[in-house]
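Consider the two complexes below, in which chain A is the common component and chain B and chain C are the respective partners.
Let's look at the complex of A and B:
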């Protein structure tokens, strides 16, 4: 029982990341009808927003203390980040909380990136075949990835979670199991809560605002909404930007869990596509459900007990599930009829 | 587009010209710095891979994102054949074709139940499964991360195992498959593959495959079941990929799992699109271009750039070099991505569309003055 609970928890945070990326992919697909292979790159860009924010904060002032010397006999250098010098405690707090605070940077940046991408490139691909859309966004993903590689280098850049949430919680003890059995890092809990909040916000936005209503109408029947005199294209541009922000935020918050490097986007993209297809193309609840489901399945499959029976199952479980679901339930878990079938 | 201007004679002439062009590649590619055997082998091998991929994607329109799996299976089979039977490339090639064909039959049978993006995801899923398994559980067969290679202690039934001397290279009746001998072997295999592809393009079977791409519903209504045709195309194209994988091991007897990764599948898609899907020559051109960029551009560094742009005045030279250095060396992928986007945006038919646009441009003017000019380009 405790092992199962532990794996459930382990699967949830990864599932959260899958769900967030898949949600954005589905939003874009459902509204614009575009298969966006650059969505993983957006996730990566978000992660690098956190990295650059951290690096900007860490621009240091170097002072040489003439009184003291280091063990090697050179004068001791005292390095203090400028934010700390100018802002004092608040600066220190900012440094500590650089990952969550960088959300404030990531939101405008990702909005801009999404907007430029949609207006500059995707717009011209509405009426082209899906293969062309896949290919051009794939090319874009390579370009974005290589730009990040030139700027930040090829090595992963670890980011730290804020001090207060750096440890791990002994959830097991709180639930009445033996202490030390179910230990779950606080940051993953934060990530899970964050993912749930973002997903909830997106759904609420689509469900309860007039804008969201128009977007949903546009997803159902784009032409009719256009005939009613609504500029659906502009709304869809905003939806694209929102999807970019969702992917970016997923990336920002994921940095303490996985040190970001330039190809992290591609790694997540493949899995997210599988998630989208399993959930059903164009179904938002499907994407979220499938994201968490596959995350949990993956962590269950990596249990030693399971691996002993089916060696290697942890490596292939997601794809295996995808194959089975596509063959048994061709439209995915919650897919609508007639999406992407021609 | 493909069906017009094709007569048996023009096909033969086209094939002959192509054969001469391929076999003389070492000569006419010398001036652009591609006239060395390692790169030429890659041109031939990836050209073959892309030709096979094109038989599926170009004709039927099914976009497989998992073709690298067959390349990997072909490679592993070839190395195992070396290990068990000896270093002669011919059994390796045959075994690789058979194994990858069986593999493609299994995957294709399942994947072809769905179409569109679902098909792409299914093939991708199978390829990723093979890749992950090759890396982890199948290590006894694939030797995991290290890669599978031929060892001196292997049984090698036909050519005397345990011989202490001599390098462990593929050996066709005394010719070691490295350098130009390796290239010519690959080139001959490419020509055979190209000839078969050309026959398929012209055959009733090829027309059926195009019918699948154009309108599957209508095909079903006329009483034809498209599934056997697409499955056959899938298997044939998987065999081409396996053959290419075997050739990779014949020129360099080492098989690694990274050959099956989805980026490798993406690469062959890029090659085919870049050259022009659905044309005979396009995929080979695309493959050669990408491999050329990979080898030549990635070898550039700032020094060579300074030499190239040395004619510019100094105040121009520095910015030009620093900008272009982003696109060469380590950053050649950036060039690839940009080039690729430009092609998809402006020339969706790939390079071959560009070529046919240009020829049309040139042909339109003289047609008014001399209407008798009837030499049609073969493609």
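Let's look at the complex of A and C:
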């Protein structure tokens, strides 16, 4: 029972990341009809917003210790971050909370990135075949990756969660199990809550605002909304930027779980596309449901008991489930008729 | 009287023509490049070209960049530029900073991308197009084995870079291939006594292993040595390469009864699995009445930087560390640090040493012919290169030297000062019979 609970928790936080990326992918596909292979790169850019913010805070004042030298004979440098020198305790707090605070940097940066991407490149491919869209967005993802690698290097750059949420919670003790049987990192619980909040906010935005209503109408029938005199293209540009922000925020908050490197977006991209297809192309609830479902299934497939019966199942389970679901429900779990169908 | 004693006939004209032709052709036969070249890419001009095959893109690009820096430094020192680095401390005094065998050392580079196919293609290009006399470098065992095999077929010497699998100088060894870096067998032999002292003989270990040749080799060696000292292996779970999130593999450890987690991961996998294992509170746990411990059998400073403070107090092994205080290490760190502003990694060290060892062997042999260089390296004993007295064993072309056991430093003084050397395991303790790991060296191939 304890093992099942642990794997369920694992699946939920992994599913949270899948769902956030897939949500943005589906938003873009549902509104603009574009298959965006650069979406994983947006996740990675978000993560590097957190890295950049931390590095900005860590800009150091360099003093020379005249009495000491390095192992290679140059004078020893004593480095202290400016924020700690000039802001004291507040500076220290900023460094400690740099990951959650970097959301404030990530939102405008990702909005801008999304806007520039859509206006500068993607809009020229609206009426082109999906193959062209895939090629251009995949190429864009590689370019963004290489830029990040040039600036930050190829090695993962560790980011730490704030001190107060750095350890692991003994959930088992609270549920009546023996102490230490079910422990789970605080930050992963924070991430799960954050993913749920962002998903809720996106749905609420689309459901309860006039802007959201127009976007949903545009997703259902773009031509008719246009005939009503509404500039749907402008709204779709904003939707693209919102999708970029969602992916970026998912990346920011994931940095304490997975030290970011230039390739992290690609690692998530393929799985997120499977999530979108399983959930149903263009279906937002489908993307979220499939994200959590596949995350949980992946976790359970990694259990030693399961692998003892089906070796290697953990590496193929997601694709296996995708095949089965597409055979049984060709439009995915919650797919709509007419999407990506001639 | 007549000078022509016999009348000319067809046979005598043919005979005279053949003899005259042979006489005229004699000098060109002996000077012709085709006939005079006794081995592949024999240098004829004032320069000899080395081929540096390192990962310049992909996941190990940073390690590859450090390797390339070291090679460039080695070339400078071989050509008499800079402060000479470890040439000043190397026990062999054959090299004098005048190049090698009177030829200035030049180099070409290739990008392995840490992919076997790409690495073979770039090595092939350097041999066939750029005329590289030897190939060296790399950051992966899979790549090293693939390139070593190519160099054997082509007929050039391969001086392996960072490759830790037993197979490189075990079942996949080749006559033209030489490895200075240590292997998983040596890691196991060096780590076991330190682990025994630190954690005792009654431990239950759980292995998470990268599912490829190096991971299997590492797991096998650590299991062998820890079980020999009384530890029990509870489980050994294979994880896909580049899994990213290892949480689903870590959570079963919590209730497995294990009190030690061995992470047979390298590079990004190690950074991620260690970070996540610490996040799951494994290091704060008490199991079987003992403190739960994590072990990373193969450490590198670049990986330790990626894992940050999670490496604190965690044991592992390494080929070399910049904090060593022997004269060779100090000379290399000074030279590298002054050139680039930071200390070298173990990958940089092994690559620098390999380039110097190759040059020295060629100088002593008086030739770049692979068989001559190889024979010069076989059984070669040297000092002053940072690892104490070292032997290039003739039977498997593996270097035998002291192995370092390191631990993540509790209070690092800089971003480079992450590991502390807790034990220098003597060479005798990590030696093993040459036939233990299988494989056949075969014969040297000179390429013509």
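What we mean here is this: the second predicted complex is superposed on the first by the 326 of 342 C-alpha atoms of A that agree within 3 Å, B and C clash if a C-alpha of one lies under 4 Å from a C-alpha of the other, contacts with A are read in each partner's own complex, and residues count from 1 in each chain.
The definition used in the following text is that a residue touches a chain if its C-beta (ideal position, glycine included) is under 8 Å from a C-beta of that chain, and two chains touch if they have at least 3 such contacts.
All of these numbers come straight from a predicted model, not from anything done at the bench.
When the two structures are aligned on the shared chain, A:74 is found in touch with chain C, with no touch to chain B.
When both complexes are overlaid on chain A, the residue A:315 reaches chain B and chain C alike. Contact with neither chain B nor chain C is seen for A:39 once the two complexes are overlaid on the shared chain.
Contacts of A:302 after superposition on the shared chain: chain C is touched, whereas chain B is not. In the superposed pair of complexes, A:273 makes contact with chain B only, with no contact to chain C.
Contact with chain C, but none with chain B, is seen for A:264 once the two complexes are overlaid on the shared chain.
In the superposition on chain A, contact is made by A:188 with chain C only, not with chain B.
When the two structures are aligned on the shared chain, A:139 is found in touch with chain B, with no touch to chain C.
Judged by the document's definition of touching, chain A residues 149, 315 lie at the interface with chain B and also at the interface with chain C. Within the complex formed with chain B, the chain A residues making contact are 35, 121, 124, 128, 130-132, 134-136, 138-143, 145-147, 149-150, 266, 270, 273-274, 277, 281, 311-312, 315-316, 319-320, 322-323, 326-327, 330, 340-342.
Residue ranges of chain A in contact with chain C, taken from their complex: 2-3, 6-7, 10-11, 13-14, 70-74, 149, 153-158, 160, 166-168, 180-185, 187-188, 256-259, 261, 263-264, 267-268, 298-299, 302-304, 307, 314-315. Chain C meets chain A in the complex at residues 57-62, 235, 237, 240, 242, 244-245, 247-249, 251-252, 254-255, 268, 271-272, 275-276, 279-281, 284-286, 302, 305-310, 322-323, 330, 333-338, 341, 343. By the touch criterion given at the top, residues 61, 63, 110, 113-118, 120-122, 124-126, 128-129, 132-133, 135-138, 262-263, 266, 269-270, 273, 326, 330-331, 333-334, 336-338, 340-341, 344-345, 348 of chain B touch chain A in their complex.
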